[in-house]
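Should a chain be cited, it is by its letter among A, B and C, assigned in written order, with residues numbered from 1 in that chain.
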Amino acid sequence: MELIKTAFFGSTKSKVQLIGVIAALVILFLSPQFLNTYMPNFLAKLIAYVVLSLSWTIFSGKTGYISLASAAFYGLGMYIEALFGMNIPLPVVMVFAAAVAFAVAFGVGVVTLRLRGVYFTIFTFGLALFLQKSILWIEVKFFHTKGRMVLAYSNEAVFYCVLVVFAILIFVVILMNKSRFGLALDCIGQNEDSAQHIGVNTTMTKVLAFAISAAPAGAVGAAIGTSIGYVDPDIAFNMLLSFLPVLMAIFGGMRSMYGPIVGAVIFFVLQDYLMREYANLYMIIFGAVMVVVILFMPKGIFGLVDKAIAKRQRNFDGEVIGDVK
Amino acid sequence: MKKRYITLILAFVMVAALALAGCGTKTPAGGDAGSAAAPPAASGGSEQAGAPGELVATGSQSDLAKDKIVIGGVRSSTGTNAIFEQTAFGPQYKMWVDQLNKDGGIYVKSLDRKVPVELKIYDDGSEISKTTQLYEQLLADEKVDIIIAPVSTAALFAVAPIAQKYGYYMVAAEGGAKELEKYIAQNPNVFSVLGYSETQVPAFVKFAEEQGIESVFCAYIDDLHGTEYWGAAKPALEAIGVEIKGEQSVPLVGGFDANAVINAAKASGADAFLAFTYPDQGIPIALSAIALNYNPKLYLMGPGGSYDFIGGVLWGASGIDPAVGMEGVFGWGGWNEKSSARAAEYSQAFREYWIDKGDFWLNADGTPNADGTVYQDWWGHASYYSVCEIYQQAIENAGALTDEGLIDNALLVEYTKDNSFDTVLNQELRFTNNILLDDMYLGNIGQWQNGTFEVMDVDDRRTADPIYPKPEWPTK
Amino acid sequence: MTLFLTVLINGCILGSVYALVALGLNTQYGVAHILNIAHGEFIILSAFITMTLYAGAGLHPLVALAVAGPIVFAISFVLHRTLYKRVKDMSANIGEFEGNAILVAFGIYFIVQNLMRDKWGSATSGYQFMAFPVRIGPADIAANNLFVLLWAVVICVVYYLFLMRTRTGKAIRAAAQDAGAAALLGVKINTIMALCFAIGGLLAAFAGVLISMKEPFTTVSGMNYTTIAFIVVVLGGLGNVKGAILGGFILGIVGYAVSTYDTGMMFAVFYLIVLVLLIVRPKGLLGR
């Protein structure tokens, strides 16, 4: 309770933030009323990207352990919807998918987060492929099929489902940033050894954060699955979705929670446009942007904004006024 | 200070995204969001003519303006399915539209004149989540006149409900599967033209019975195609007393060792080797069979076995004529210029058109084919072009505009259900429950003989005597 | 017995290629700390170069070793000198560098793969080379496979001797063990890192040339080899040269044995091995 108070109403900053977030969510919530039937579909996918990018940041952005498992959790959610969606309403399946993603991530975390970061990255990279192969093998051997029909929902329904996940996620992130748990994660990111020395249970903190970051990916995977109509393991587990969240988060900048959101929005719109108009070029541009972002804007767009502000303040007053961070 | 600034940015970005998103076509506010998309076709057609069928007689719209018909589609020009789009489907649609426009466009019944056609194609990079999103965009946002199908069976499954939701008519030859029957039953606006296990497997079983094949070994791809075909073939073969000497799944995604497949098949000593795989797997397996000199009495190469270019890939650099190399190899499908006069006419027109254009196919190093070779597919091409003919004849005989000025898709659906079409596949092609029964096809199984893919069905569609057992792979 | 021999011989053939593929990745990771996701793309690039020379100009595929090798070596060297060097200078610690390097490698993966796709399309490509069987004991083995085995082993041995016997090799080993100490002893660490990254590329090119002789490939199949390399490297121990070779052969034999039963299961079993290994022995078979 105390935490909620400080996180949302603790200072003018947090109050403004709360109002801003709620305003944005309300605008989004009302938006289908003003849009044609296609737009909710577009927006649902856009928000799904935002959720992937933001949830990736919860763990990897803070600790520096690079997870390439987003596709695995997203795909898992999608496949769970394909398995149960015909009989169970979507919101229930989404909760279940989130729980499964949480559990799988927890297990993977327990096994791999004792190890150095690079092993974790390799393992998470293989996870999506492993799940894809295993599910495919089970489907072919035991069910003599490859994929499953998915019950279609209206574009608005999918949109609202994804929006709810986004809303929950954003409040969780705000809470986490103000909590001891978030602080512990920051410590691990800065120096894991010293975090351990000051009494942080590093393994448990990491595992838990990884599991929390997986749940929203599972939930939106289930929701987006319904907009596809047919899901098989090859469709559900798309390796590109392991890398996109990383790129979107870094592109936006990970210092605040708005970076991944802005990064995802820009990337999704860009992808949507390039894919349609310059499909052949799209992947090449994608690769080039990736390299350029890492090399020249490691702190993302928000890093550049910070820099610009810092410069202006200095120029205006003729000297640096305090810490502009 | 800082946070407030960031919050503002966030709010601005969100609003901007919304504004950007909404600036397309805004529906009036306050409408029932759930059902806002009145299908363009469902309401329109019937008010011009009491019943769809009547329009032909009564509803002249010749005074209406309509300067082009937009055909929308999402194709896999890049990605894993690009090879099919480049060699199989794409060339048909391009040739068709090109020829239509050369003659002034497509004749629309109610307008009583020809209207030029425009293809509006988006690329999905072979990613189905993209495919469905782009169809949503084409149908709900951009409101094209008619649509063509996406590239691959799975994409077809995914898109069929979308076409139905927005009331669009879709005739597809881009995929064939038993499971498609289920999708078509739920989405009656969708028609399927391509043959599948239901027609092809029995053709092979009959052939096996005729030739007295005693045992088989099967390598099937671990996706819908492979599991379905092998799932159908295995019990059918067992039922006529053929022994299953072995079976292996081959992965669609990821590498595999073709030697293991061939060695296992060789060790089994089966009469017939069946590779129910796509070219990406079938080519490595065949090259391995050649290198290990594996000569079963019958070698069947699944989808792709009927492609002209397979011979070139397998034998291209070996100094052996691909026609000699492929002698006796079996594949699915089957039609050739001997099948019918109509087939011969189409086949020659197709070659002439693409030789003239000169960019049908690129060599492996990216240069255009110097000799202007046009590679044909002796399973699919006849079906794919028939799709174009079906669209054309449906519009010619039942085309009318909705109130929105779009082609009325409901009328096309009705027409297609009730009428027959004059196509390459069959001059009186008729759908049964939106699919084609076996007697609509020119053949279901074929064999390469002297560079021609001869139809091998055990009935009067057969175009040559079978070569059984298959001759050994040639050596220099 | 027949089955055992067939599995052993074919498994070694598969394994020799795996070892070569993994050796390149391991060299790049062991010294330069770059887990190169674009590794497989350079394998495929070399395979296409080989095919172009063979089918187009009628040159023996081995000639491609001398063409594709230097090309990929040079590309890799330049990539390290420009991109990775900058990433290294920017990163606060080795963990951060490894993370950023993976992402840069992924960007390169996309660029290279799609440039190749623009040039060569996405159809399966391949050519017949020494496509006849040779009888070894109870098993028929394709001649091209034996040829590939021979050359893969030769390359592995030469590379091993290079590491053990030459000055540069010793410098590389020193840098792999402790970059800081090696630098103090006068090893030009940045040059060695760039060199190792380039040698990794060279080995990828050699692997690509050999692979093209025995099996067809497409512009999108590079990731298959990268994945194999990852698995082998985890199996043998990150950065461990002997481990990569041993791991490659073990994985090849296991892979072929599984494939004899069901080809489609091979990758699932590979992942299972990695899973078990990371739980039981995360440092790999030969890792310390």
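Some notes on this structure:
Keep in mind that, in the parts below, a contact is a pair of C-beta atoms (placed from the backbone, for glycine too) under 8 Å apart; a residue touches a chain by one contact, two chains touch by 3 or more.
All values reported here derive from a predicted model rather than from experimental measurement.
Inter-chain contacts peak for the pair A-B, counting C-beta pairs in contact. Farthest from subunit A in terms of Cα centroid separation is B. Note: centroid distance subunit A to subunit B, computed from Cα atoms, is 36 Å. Distance between subunit A and subunit C, defined via averaged C-alpha coordinates, is recorded as 32 Å.
The set of subunit A residues touching two or more other chains comprises 129, 133, 137, 140, 280, 283. Residues of subunit B in contact with two or more other chains: 78, 222, 249, 251, 254. Contact of a single residue of subunit C with at least two other chains is seen at positions 118, 227, 264-265, 267.
By the touch criterion stated above, subunit A contacts subunit B in their complex at residues 13-14, 16-17, 19-21, 23-24, 27-28, 31-43, 45-46, 129, 132-133, 136-137, 140, 144-147, 149, 152, 154-157, 224, 227-230, 232, 234-235, 238, 240, 256, 258, 261-262, 265, 269, 275-276, 279-280, 282-283, 302. Across the complex, subunit A is touched by residues 3-4, 6-11, 13-15, 17-18, 20-22, 24-27, 29-31, 33-34, 36-37, 77-78, 122-125, 127-130, 132-134, 136-137, 139-141, 154, 157-162, 165, 179, 182-183, 222-224, 227, 231, 249, 251-254 of subunit B.
Contact residues of subunit C toward subunit B in the complex are 3, 6, 10, 13-14, 48, 51-52, 54-56, 117-133, 139-145, 215-216, 218, 220-221, 224-225, 227-228, 255-256, 259-260, 262-267. Against subunit A, in their complex, subunit C makes its touches with residues 29, 35, 83, 86-87, 90, 95-96, 98-100, 102-104, 106-111, 113-115, 118, 223, 227, 230-231, 234, 238, 264-265, 267-268, 271-272, 274-275, 278-279, 282.
The residues of subunit B lying in touch with subunit C in their complex are 78-80, 82-83, 86-87, 219, 222, 248-251, 254-261, 263-264, 266-267, 279-280, 283-284, 287-288, 290-293, 309, 313-318, 362, 364-366, 475.
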